[in-house]
Structures are given as C-alpha cells and as structure tokens.
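Each structure below appears as structure tokens.
Below are two complexes that have subunit A in common, paired first with subunit B and then with subunit C.
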Partner chain A sequence: MKFSIEKKDLLPFIQHLNNIIPSKNTMPILTNYLIKADENENQLIITATDLEITVIATIKANIMLGGKVAVSARKLMEILTRMPDEVINFIYQEDELLITSISAKFDLLCAEANQFPMVPDVDLADSVAFNAGLFRKMISSTSFAVSTEINRPIFTGINWTLDPEFQMMAATDGKKIAEFTHHKPTHVTERIDCIIPTKGLNFLDKVITENFDTVNVLIEPNRVIFSYDSYLLMTHVIEGRYPDYNKAIPKNNNSILIVDKEHLKQAIGRVSLLATEDTYKIHLSISNNSFIIDCVNREEGEAREKITEFTYDGKDIEIAFNYKFLLAIINVIETPRVEFKLGASNEAALLFNVDQEEDYSTRFLLMPLRLL
Partner chain B sequence: MRKIIHIDMDAFFAAVEQRDHPEYRGKAIAVGGLPGSRGVVATCSYEARKYGVHSAMASSLAVKLCPHLIFVRGNYEAYREASAIIRRIFLEYTDLVEPVSIDEAYLDVTVNKKNNPSATRLAAEIRQKIKAETQLTASAGVSYCKFLAKIASDLEKPDGLVVIPPQKALDILSKLPIGKFHGIGKATEEKMKQLGINNGADLRSWELQPLLKRFGKAGQYYYNIVRGIDERQVVTSRIRKSISMERTFSDDIDDLETLKEYLSTIAEKLAQKMNEKGFKALTLTVKLKYSNFEIVQRSCSAKRAFDENNIISSQAKCLLEEFYDRQRSVRLVGIGLSSLVWKDVKISKQMTMPFYEDSQYIKISNNDKIF
Partner chain C sequence: MNLFNKIRGQHRALEMLHSVIDNNKIGGSYLFYGPEGVGKYTTALYFAMAINCLEEDKPCGTCYSCKKFLSFSHPDFIYLFPTPNMKFQLDGSIKEEKFLKEYESFLASRRQTPWNTYTFSQKTELRVDAVRMLIHRISFSPNEAKYRICLLEAVDLMNRTTANAFLKTLEEPPPNTIMLLTSSRPDFLLPTILSRCRKVPFLPLSVIDIQNELLEEHGVEAMQARVFARLASGNMEKALQLLESGNTESRADANELKELIVAHDDLGFMDFLGKLRQKPPSWLYEVIIHLQISLADIAFFEHNQEYLVNIDRTHLIEMMYHKYPNIDENIWEEIRFLEDCQKKLKGNVNSQLILIEIYNRFCELFC
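== the complex of A and B ==
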C-alpha cells in the first residue's frame, strides 16, 4: 500500500474519527483505524468503531498502490498533528507503516488489519433526506438532557420520532426534559420511533457544517445509518419504548416570567460562584415587582443579585434550581428573552423561547430542588 | 492569648483577570456589568481605584470617573479555582479556618500544624505560598482577635502584612477613621460623625450607657471593639455531628404507649437544645436497649428537616412502632439527631420525575450482558 495526501486534507477527519475510538480498551484492535487505500477510485476509506457505532470516512488521496492497514488511532493523530503542513507519504510494507514528510520519518508497527471487525455493507438506496442544519439544531437542543446513568439505558439516548407530518427529538434524565419539534411534513410514510445513543448524534453535531445541507438517513430495525458529506455513520438503536414523559409536564403552570437571556445568564454566573458542589443550588424569589437570585453557602458566604428588567405575572414564588441544569437549558434558548412558566416551589418549571417565529418549536422542563 | 490571621485577596476578580490576560496588566479594569446594562462593578483593579472606582459602584458612574476603564465579563470558574487553591493552603496550617467569602478568611493559628509560635511568620509564609501557587497577592493581618486582624489586613493593602500586637492595638484604633471600623457601615458612620465621633479615640471617650442609648445593642459592640475586645471565635464549617439524648428507666418498660410518652419528653428537650444551638437535623435515629442489654436502633432521613418538637416526636414514635419488639421489655430509650446543619441554611434535594424511577427502565447490571 502506498499513498500520499496533504496534511490539511487528512487531519480533520482523523480528529473527528478519534471521538469514536473507545476509551475503555476492551478489544485492543478497536484502538486502531482501519485504513483502506482504493487504487481504482483514488480514495482512502478510514473506519473507526466501538462496535456500537461505526464511522467510515471516504477521502480523496493520491493512491499509488492499494491495500489496507490497521494503525493506532492515537499515534496517527499525534503524528499528523505535529507534522509540517505539507504532503505526507504513507507506505505499508512488512507490518510497518512508514509515514514521511520532507524532513520527518516514522516507522509504525501495525496490528493485523484482518483482525479489524467486519463492517457490513450498506445500501443507501432507500435512505431519506433531511436538512442537515435542522438535524444538527435538533441534536444540540436536546442532547444535553440525556442521562449518563448506564443502568437506565433508555434514557442515555435521544428519542427521535419521525412522522409523515412532523418530526421530534426528545431527551430526559428525569431531572430535565428537552424537546424539539419540527412542524413540517417529512419524507417518511409511516411513524417511526427510535432511541439513538448520543455518542453517534454528537458526532454528527460536530461534523455537520454549512458546506453540505443534506444528511441521508436509513432506519433499519436494529440500526440507523447516516450519510453526510464524506462520512457514513452506523449506530445501534437502544431497545425499548421511550417513556411517556408528557405526564410529568405540568398543565397548570400559570405564573409567567419573561426575562432577558443574557442578563439572566450573567446573574446566574455570578451568584452561582457561591453555590455548593453537592446540589449546585441557586434560589430564585420572584414576585410582580421583584426578582432576586441568591445563594447561601455556609462555608464561603452569600451571593445575591437583583434582576431589574423582567416581567412577571403570577403568584409570589420561591424556587431553587441546580444552576448547571438551568444554564444548560438557557444556553439552548435561541431568542433574546426566555419565558418561564412556573407552578409551585416543588413543581417542574417550563422554559420556552419568546416570540419565535420558526417552523419548529422547543420546550424544556426543569425539576427544582425541594427545600427540606 | 489567641493568634488570628485574616487573609484578604487583593482585588481578587480583577487580579485573576490581569493574571490570565497580560493585556489587562497595568490597566484600569473592572469585572462586572457593562456600563450600558445598569450593571455594577464587582471588583476593579488598583489602577481603577485611583480614579475613585470601587466595588458595588454603578458601572455607568465608573466609566464617568475613569473613561478608559476596561470592562471584563467575569470568568467565574477561574475565580472558584483560585479560591479552592487558597483554601487548601490555609488547611495546611490549621483546620480552624473561617471562610468569609470567596477571597477572604480568618485562621486561628494559636495552635497550628507547623508548630510555629510566630503567627507573623506563618502569615508571611501563607502569603508567599498563595503568590507562588496562584500568582495572586493577598494581604494579611495578624492580631489576637478577629476584629483587629481584619483591621490589620486592610492597613497596607495591597500585598501587605501588618501585625497588631496588644500593646499597639489602642494606638492604632485611636487614629483609625470611624468609617474604617469593620461593622460600622455608611449610615452609622454618618450618625457618629454628627455626634463628633470621627476616629477611634473619639469613640473611646464615650461611656457604654450613652452608646447603648444611641445605637441599641450594637453600642456594646462598638464599646468593645474600640477597646480591642472581640471574643468572637473562628468558626469553621465543621460543626458537631450529632446531638442525642437518652433515658434509662429504673424499672424496665414493656408498654408501647409508655415508651412513646418518654420519646415525646426526649423530643421536646432535644428540640429545645437544637434551637439553642441553632441546628436542624436531616437524620433521626431511635435507640432501644432491651432488658438483656441488647441495643437496637433504626434511622430515617428527613423529607422535611427535623427541627420542631412535634416533627421529631412524631417521626421517633413512627420508627419505634416499626421496630420495637412488643414481647420484650426495655431499659433505655433514646433519640439521636445527626447530619446537623444551621437552622437558617436551606437544605435541598434535586427532585426527579416519577417515571425515571420506574423499575421497567432500570437495567440490573448483569455480567453476561455487555451494554
């Protein structure tokens, strides 16, 4: 195998693919990339997999001689990062990958390429096209709300509902809910629900750019395949039915708070300086003419900030939140102002964009901290 | 005599910004709200203070005083990080650390981990360490009480170390402008000035009674501090872990209702004690000793903190009913309250939506299965 490629044409792919390489080293071969050089098409096909998610990148390169090699993902990235910005040559012979630039030279010992897991063939003929920008927005608006508890696998993914009339992504960790609905017909003919692990979606979130505006999706019973730009991503889906979180969404939150998003973020940033790490609690006191955020830390003191510009219509309320959760939601609010719909101190708060005229809508829910 | 050190970081937020952004060094900068936004200055650099800018000043006014003032949005993670390092340094010297805020603390080094009798040396060492590990400067005050230590740390700010030994205390306090006394705010300062009290010496010429008459309870405090008397202890965050009370009977008891009555009496006394100490508890334990000296106990944690008599009493009786073996007689009963927190501290717990706890979504870890 022998090929050459400019550093700048290869490095971005290697950096993205690195996110797929498993951190826990259960199968050593998975810490490698499988690199195939295709002489006929004059392209490189690089595969990274953790067995649940597989990503294949296809990149134009100057192929002198075809072949394949399994090479340490970490070493390859480190070497490429430090190489000068010029053409890099790769030659694989006798179990060694020779990587050279004009001045530098590396001889890498390589694993047996045949040990690398077989990647089943994919036929994208039946795939459905989606707007990539929208798709990415759906992911970034919801993925922060997934659970990290592996003993509740269903909550570690994003639930993607595809309906002929609309599509929706939703995520929850029991403490917050994020939901994004696009109210436009899709290209599917019947409703599909699938729970997709966030790792694969976060990968797409990272690689989707303005350069290509279509992501093609093929949904199979046990896996979903995404094709975007030079990438093909296959991910398993999480088994089971996503819980009906709607019963946790309060219907009678009639107290409405509207406040400038940036002001609120800044105020929370300051007050939370004194929040303790056990609950990250900040405390909000809201009435029609006063809105105060404060935080009492027995070890370090107190912080307090008065928000002057806001409108509130509702009963006086005292409510406490984990400020990290609250900020995570505010960060995905897209409008200059944010709307809170509040009920009682021990009831969920709902957050929304204000006066957003789009063909999509979002809603967020945050459970408060109960005062003991 | 006690040895107290007061450490106060110099223009903390602004100093961190100048450390992390070389372009701000030597410049008048303010951390806080931008001038257009009705914000206030949280901290400003010493370069800005020359122009009369100070913390809590409206940002719009600050720019008027110092037109080239640079406003910086706070990087609070960085401040928190620096604060944690400083706190760790304090704990190398003593566990008696009382944090006042993110950038300020009292240390009682009367007895210290370095066995160094010189509080002055320790203060110098702590300042050096802070500088070495955070590239930030701190001012330190050393004296025999908190009040004087705090006065001292302010005297040669920034980057100063001032010791006020007992024999110098009255002298220093005499010359100190009345507004510089910690605990005398703007309003009191004005009132005192109207009474002709402009410095410590003036204040000391007042007897206790007239001070009490003019200033109420605070009069006693003013009377004491100007004489260098401040008995306040350095209070660490570490507080006692539990309060308990038990009752041993002269004759063993085998009647549930009688035991409950005793629990009520104990609960009442415990609640009173908790009140005096200013605590509430998050955990309650009931203890029984049967006639054969076997001890059994049962605990529960609070949905609502245990502070009032009736909450303690009813929860204790509830527990007793759950585990008391009615066939046996009891020689001792007791209630313990633990996980104590100050009464005014609001304790809270993250709420979770019920569906998340539904067992059908919980996967019992199984070694045969790979996630």
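== the complex of A and C ==
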C-alpha cells in the first residue's frame, strides 16, 4: 500500500473519528483504524468502530498502490498533529507503516488488518434524505436529556419517530423530558420508531456543518445507517419500546411565567453558587408581583436574587429545581424569552420557546425537587 | 487439520458436539462439565470456532474466523472468566490501568500456555459487571459471525446475585447467540442454571491419553512422559505443569525423604527438617501425595509392575519392597495415616511435628 495526502486533508477526519475509538478496551484491535487504499477510485477509506458504532470516512487521496492496514488510532493522530503542514506519504510494507514528510519519518508497527471487525456492505439506494441543519438541531435539543444510567438501556438513547406527516425526537431520563417535533411531511411512507444511542448521534452533531446540507438515513431492523458528506455512520438501535412519556406531561398547568432567557440564566448562575452538591437545588418563589430565586445551604450560607422583568399569570407558587437540569433546558431554548407552565409545587413544570414562528416546535418537562 | 482431533479421550462429548454441528441443530446453552484439566475450555473454544468456521473441515484453525477466535479478537466472541473486581464498563473497557494489564496478560497466558493457572492479584470470581457487559453486548445484533458465542469459564465461581442476573439471558439468549459454560464443580451451580443448559460430560483422561499427548505434542522423552502421565491422575493441565517445572521440587524432596527413611539417617533427616522453613505451606502436602503414590508403587511392585508411577526410581521401590514385603496387606492403614496427616495439615497442626511423625512411622516400617 502506498499513498500520499496533504495533512490538512486528512487530519480533520482523523480527529473526528478519534471520538469513536474506545479507550482502554479489552479488545485491543478496536483501538486501531482500518485504513484501506482504493486504487481504482483514488480514495482512502478509514474505519473506526467500537462494535456499537462504526464510522467510515472516505477521503480523496493520491493512491499509488492499493491495500489495507490496521494502525493505532492514538499514535496516528498524534503523529499527524505534529507533522508539518505538507504532503505526507504513507507506505505499508512488512507489517510496518512508514509515514514520511519532507523532513520527518516514522515507522509504525501495525496490527494485522484481517483481525479488524468486518465492515458489512451497505446499499444506500433505499435511504431517505433529511435536512442536515434541522437534523443537527433535533439532536442538540434533545440529547442532553438522555440518561447515563446503564441499568435502563432504553433511556440511554434518543427516540426518533418518523411519520409521513411529521418527525419527532424525544429523550428522557425520568427527571426531564425533551421533545422536538418537525411538522413537515417526511419522505417515509409509514411510521417508524427507533431508539438510537446518543454516541452515534453526538458524532453526527459534531461533523454536520453548513457546507453540506443533506443527511441520508437508512433504517434497517436492528441498525440505522447515516450518510453525511464523506462519512458513513452505522449504529445499532436499542431494542425495546420507548415508554409513553406523554402520560407524565401534566395537562392542567395553568400558571404561566414568561421571563427573559439571558436574565434568568445569569440569575440562576449566581444563585447556584451556593447550591449544595448533592441536590443542586434552587428555590423559586413566584407571585404576580415578585419573582425570587434563592438557595439555602446550611453549611455555607444563602443566596437570593430578585428578578424584576417578568410576567406571571396564576396562583402564587413555590417550587424547587435541580439548577443543572434547568440550565440545560434553558440553554437549548432558542427564543429570547422562555415560558414556564406551572401547576403545583410537586408537579412537573413545562418549558417552551415564546412566539417562535418556525415549522418545528419543542417542549421540555422538568420534575421539581422537594421543597424541604 | 480438524482441531477436534487434537482433543483426546473425550469421545462422548465430541460425538455430541459433532452431531450438533453436522445436523446444524445448535441449541442455546451448553454446559461443559467434568474434572479439572481435561479439555473443557479447549473443547468449548473449538466448538465455538467450528460453528463459525468458513472451511469444510470445521474447525480448521486457519480461516480468518478461526484465527480471530484463537487470538480473542473476534467481535462476536465474548469470553468471561473469574477475575478480581476490575470494574468492567458496559462497552468492555477497563478504566484502571493495572487491571487492564492483568486482563491482557491473562489472555496472553491463555493463548500461549492455556494449561497454566494464571494468578490474579486479588480474589477472583465471575463478576456481575462482566455479566452486565455481556448482556449489553448481546443486545446488539452479531457483527460478522453466523453465531455469536459467549464463553463463560468456571461458572460455579459466580455468586447468587450474578447467577440470577444471568439467568434470563441464559434461558432466552437473543437469536444466533450461544452460551457455552464450563464448570468443574457442577454441584455448586444453581439448579436454575443447570436446568437451562444441555450438558456435555467430560471424563478424567486415561494415562495413555496423557502419555501420548506428552509424547506427540510436547516432545517429552518416553520415560518422563510415562512418569508424568501417571503422576497427573487424569489431569492434562497438571501433567503439563509438572512438565514445565521439570521434575517437580516436591517430588524430588519426597524421593530424598524416602532415601533417608531407607537409610535410617537421622542426622540427614534433621537437615531435611530445616528445609521445611523455607517452603510454602503446600509443599509438605505435595510431598505427602508423592509418598502415597510411592506406597502404591511398593505394593504393586511384585505383581503389577505396569502400574508403577515412579518408574524412574525402581531401584528405590525395590529396596523398600524388600524391607517390607507384605506391605500389600497393610497398605490401607498407611494410606489412611497419610490422609490423616493431610487433614491435620489443613487443620493447621505444626507441619514439623507431622513430618517427624511420618519419618518415625516409616522408619519402623522400612527398617
């Protein structure tokens, strides 16, 4: 195998793919990239996998001789990062990958390429196209709400519903819910539900840019394949039925609070300095003419901030939240103001964008903490 | 070459596995049970390879699928074994450097010298986080294999909670997933585990099987092979361990003790006693085992020479036999005496006293 490529053409791909490579894994071959040089197409095909997600990047390069090699991902990235900005030559012979620029030269010992997990063939003919920007927005608006608890795998993914009339992504961990609905018809012919692990989606979130605006998606019985620009991402889906979280969404939250997003964010940021680290609890007291955020920490003291610009219509209420969760939701609110729909102190709060005129809508739910 | 041919003495187990493969009726879970060191793990590994082998003569050991199995790098091969608490992550990673190293050196030892007992730095058992990792990994569809294989070694070293966590998966593995369990103590398994597996029985190996294996695969000299095969008492691992450590230390010491007894060399025995201090506690225990074997040798000497174990030491056996020709009448008493000594040793009786007792008693017999 022999090829040459400019550093700037290769490095971004390697850096992105590095997110997939598992560290300290018990299967050492997974810490490698599989690099395949295709002589006929004049392209490099680089594969990274952790067995749950497989990402393949296809890059144009000057291929002199085809072949394949499995090479340590970490070492390759470190070498490339430190190489001068020029054309880099790769030659693979006798179990060694020779990496040379004009001045520097590396000999990397390589694993046997055949030991690398097989990458199944993919036929994207039946795939469905989606707008990449929107897709990315859907991911970033929901992925913060997934659970990191391993015991309930179903909550570690985002539930993606595709309907001929609309599409929706939702995530929850039992304490908060994030839901993003796009109200435009899609190209699918029948309703599909699948739960996709966040690792794969977060990868897409990172690589999607404005330069290329279509994601092609192929949904198979137990995996989903995304193709975007030079990347092909295969992810397994999480088996099972996503729980019906609509039951948890309160219907009678009639007290409506509208407040400036930035203002609120800064106030929470200040008050939360004294929040305890076991609950992250802050306390909101809201009535028609006053809105106070405070927090009491028996060991350290109290913090209190009065918010002056807000509108509130409803009963007086005292309610407590985990400020980290609250900020995570406020961070994905897009409009300058944020709307709370509140019920009682022990009932979930709903959060919305205010006066947003888009073809999509979002809603968020946050469970309150006990007041005492 | 078909790798199954390498397995000796387990005709019943192999017959069963062959019929499974030939008829392509592959069940969900199998339990390979039988004494230590008779090839349960190796057979299970070969069975896993055979199911997925790409060649006609399964398992070939040379196709890329077999090679991946042999190097433990097959993505659809999940191998669990008793470990210290390594805090396995769900994706199969081990965060602590020290444990990852241990894990890797265990696998390396498994690849190169599977008969050696690898000693971890801490107490081992089949951990619940390893089982969780397995359950997580098999929730995805197989990567490239026809059948995904989960091999769990020494399942009896699983505590009750772990076993129960594993039970549902064992009962209904996902499609195309096969559970292979091995155990040398099936009596210690939960009945719920036992009842969910097809059982593949393994027997102790015959002396001839071990001897042939030593001769043909490990290039051992004929005489040595005969001795080790007899010393190993049906356990191939033990035979190979004996081979690795050469003529084992405890065996040489037992021979020295016998010579001292025959010569009634009290001064020499005092020196021998001094050795005791530098030895691990298990040493005397092993010496006693060798003494038992030697007693049997002496009893067999006149009429059944083909049963002799210490055939490289016939002159000593002969000498002892002539000092006590009617040993075959009282041998059980002596064997029981030695067994008693072993019990006392385990009960923490002073080992020096035990050694002196043995010496005195045997001196009376063989003087």
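Note that the second predicted complex is superposed on the first by the 370 of 372 C-alpha atoms of A that agree within 3 Å, B and C clash if a C-alpha of one lies under 4 Å from a C-alpha of the other, contacts with A are read in each partner's own complex, and residues count from 1 in each chain.
Everything below uses one rule, namely that a residue touches a chain if its C-beta (ideal position, glycine included) is under 8 Å from a C-beta of that chain, and two chains touch if they have at least 3 such contacts.
Keep in mind that what you see is a predicted model, and the values were worked out from it rather than measured.
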Which superposed partner A:223 touches (first subunit B, second subunit C, both, neither): second
Contacts of A:82 with subunit B and subunit C, given as first, second, both or neither: neither
Contacts of A:243 with subunit B and subunit C, given as first, second, both or neither: first
Partner chain in contact with A:251 - subunit B first, subunit C second, else both or neither: neither
Partner chain in contact with A:300 - subunit B first, subunit C second, else both or neither: first
Which superposed partner A:173 touches (first subunit B, second subunit C, both, neither): first
First (subunit B), second (subunit C), both or neither touched by A:153: both
Touched partner set for A:24, first subunit B, second subunit C, both or neither: second
First, second, both or neither for A:263, with subunit B first and subunit C second: first
Comparing the two partners subunit B and subunit C, which touches a greater set of residues in subunit A: B
Common interface residues of subunit A - those touching subunit B in one complex and subunit C in the other: 150, 153
Residue ranges of subunit C in contact with subunit A within the complex: 64, 67-68, 71-73, 75, 90-95, 97, 100, 103-104, 132, 136-137, 139-141, 143-144
Subunit A - residues contacting subunit B, complex: 147, 150-155, 172-175, 177, 240, 243-245, 247-248, 263, 266, 269-270, 272-274, 279, 281, 283, 296, 298-301, 308-309, 320, 322, 346, 348, 367-372
Residues of subunit B touching subunit A in the complex: 33, 37-39, 42, 73-74, 76, 79-80, 83, 99-102, 237, 282, 302-305, 341-342, 344-358, 361-365, 371
In the complex with subunit C, residue positions of subunit A that touch it: 22-29, 50-52, 114-115, 117-118, 120, 150, 153, 222-223, 236, 238-239
